[in-house]
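Down below are the structures I want you to see.
Here come two complexes built around chain A, the first alongside chain B, the second alongside chain C.
Up next, the complex of A and B:
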């Protein structure tokens, strides 16, 4: 389980996170929802120790993040984090060189699934294909938790559909996923848990299925309520 | 350790193309320079002796014998060395900043590797250091080549064969790059490595605190410099002629080690606790 406890974060005088707490379980897709600038990416960065927090605590399976944690949890930022001059094959080799959890078989499977050629240079790929490779480099690791920052942002409808298919496949199953979005309509049907952020705090956190069954509300309905308050 | 070596190889690969360019420019410029300068010298000799009917002695009195010092004082020789030094100095900054400002922010990947983040820092430092040693070694090999080439280009009577130390000392600052003793080597390269670590840590201070970090980084570099020269200051200002030269060297080595260890420790701390992508 990923536990985010009362984290605060300031950029200069601006307090971006004002005591954010939530948990993300294995086998569930947790979605952080909020408008641009609400601090979703900052939370992801904080979980991965890519930005310092002022207070609070983040635990991954009860432990603070350390070098071994990166074999257990992976972050897929909204832009690819491989050198543009690398080919897909070289990027995969890089991952293989450094990560014990790299699963070559799964990487090949994903390559086929996305219909991509190993010899292509990353800088020559379209935006949609770059997003797919970015996803591939994260998904092909046998990690327990995956963090994805706006995986659907700015890509074409067909690539979106392909990426959405990944979420319902065995490639994501059993893992804990935290995903951010400011466009919930794309992924509402995929997520298990929603964490709504506003003004640096968690305003509501709920299981989508439970909300639908008990209160008959979709995520968008709840969002509307929150923003109208 | 294995991850450090993998990172080192990776960083060396990233600089490889530019490095090859520097090597080729150095080789071509110095060898072409030697050919051109020696040809000009011999043409002048021919003009003076054959056309103007002057004696060889009077020519040598006026123009001196040709030696590799003629080359080392020319832009053909100094130019590529300056280019290499400037390129590597720029690369000290570029090796970090390109990972933040490149088209794809590679720093995410580097910081998420399942290895000590200090390995990234040390691999980048060792890349620069290896490149420097490589270029200096190339220069030594080139000097040997040039010593042999000059024998082919200039007849013995017109030539002064300098030993390699003579060639090195014919160029003012060359003894810093190629010291003639092991202690000299330790002092030159130890100081260089220390300065490199201090600069790296200053860069990480800037990357951690951004605009505020520029100021803090400046203070940090100044403080490191003061600690490094503190034995000199001590002996100059407070205790004149108190230390023997060997004691001064030991104190300097000690101060240098403190600064170096401090830079690595601070770099390690910043990478783990303060760095921002």
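Up next, the complex of A and C:
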């Protein structure tokens, strides 16, 4: 379980996170929802210890993040971090050199799944295919937790569908996933839990099936209520 | 397998309703193997935990059964299947009555209209096959 407890974060005088708390369980897909600039990426960076926080704490399976944690949790940012002149094969080699948890078999399976060729240069890929490679490089690690920042933004519908298919496949099964989005409608049926952020705090956090069952509301209904308040 | 989900009813309930329809109409035959929860999730593009929930409920209701590690199968209990069919019919009738009552139509008129409608749709359905 990833536990985020009362974290606060300031950029200069601007308070971006004002005490954010939520949990994300293994075997579940937790979705951070909020408009642009609400602090979704900052939360992910904080979980990965890529940015210092002013107060609060973050625990991964009960422990603060340490150097061993990076074999257990992986962050897939919204833009690919590999050098553009690399081929897909070279990018995969890079990951293999860097991470013990790299799973070559799974990487090959994902290449097949996305119908991509190893020999292609990253700079020559379309936006959608770049997003898929970005995802592949993270998903091919045998980690327990995956953080994905806006994996669906700015790509065509068919690529989006293909990426959504990954979530229902064994490639994600049993792992804990935290995903951010400002466009929930595509993935409303895929997520277990929604955490709605507004103005640096968690306004509401709920299981989507429970919300439908008890209140007859879709995630979008709840979002609308939150924003009308 | 194709379900158009609405966003407000629990997904697992919608999945169960679909299975009930298929079982009641015989599209899923007694004892027929059904997809694994993983296959179902990926076919319907839903969360695997939701597929799991639907299967668990259907198992408890006796609509499907699992022996050991084998794939789950549709129930062979003929009475159960008949009662599912009955339940589907009653649900539809209830919904219809609920919708028609405020309009204040006489029974004769309604029966006549239903008859005409059913007769009119029959050839069309055969045409589609």
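Convention: the second predicted complex is superposed on the first by the 229 of 229 C-alpha atoms of A that agree within 3 Å, B and C clash if a C-alpha of one lies under 4 Å from a C-alpha of the other, contacts with A are read in each partner's own complex, and residues count from 1 in each chain.
Definition applied: contacts are C-beta pairs under 8 Å (C-beta built on N, C-alpha and C of every residue); 3 or more make two chains touch, one makes a residue touch a chain.
Since we're looking at a predicted model, the values are computed, not measured.
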item	value
Simultaneous placement of chain C and chain B on chain A, clash or fit	fit
Touching partner for A:157 - first (chain B), second (chain C), both, neither	neither
Partner chain in contact with A:188 - chain B first, chain C second, else both or neither	second
Once both complexes are placed on the shared chain, angle at chain A toward chain B and chain C, C-alpha, multiple of 10 degrees	160
Partner chain in contact with A:212 - chain B first, chain C second, else both or neither	second
Touched partner set for A:99, first chain B, second chain C, both or neither	first
Partner chain in contact with A:35 - chain B first, chain C second, else both or neither	neither
First (chain B), second (chain C), both or neither touched by A:169	second
Minimum C-alpha separation between chain B and chain C after superposing on chain A, in Å	29
Residues of chain B touching chain A in the complex	3, 6, 10, 14, 102-109, 111-117, 208, 272-277
In the complex with chain B, residue positions of chain A that touch it	45, 48-52, 67-71, 74-75, 77, 79-84, 94, 97-100, 122-123
Residue numbers on chain A that touch chain C, as the complex places them	27-29, 161, 164-165, 167-170, 173, 188-192, 209, 212-213, 216-221
Chain C residues touching chain A - in the complex, by the definition given at the top	5, 7-13, 38, 41-42, 45-50, 53
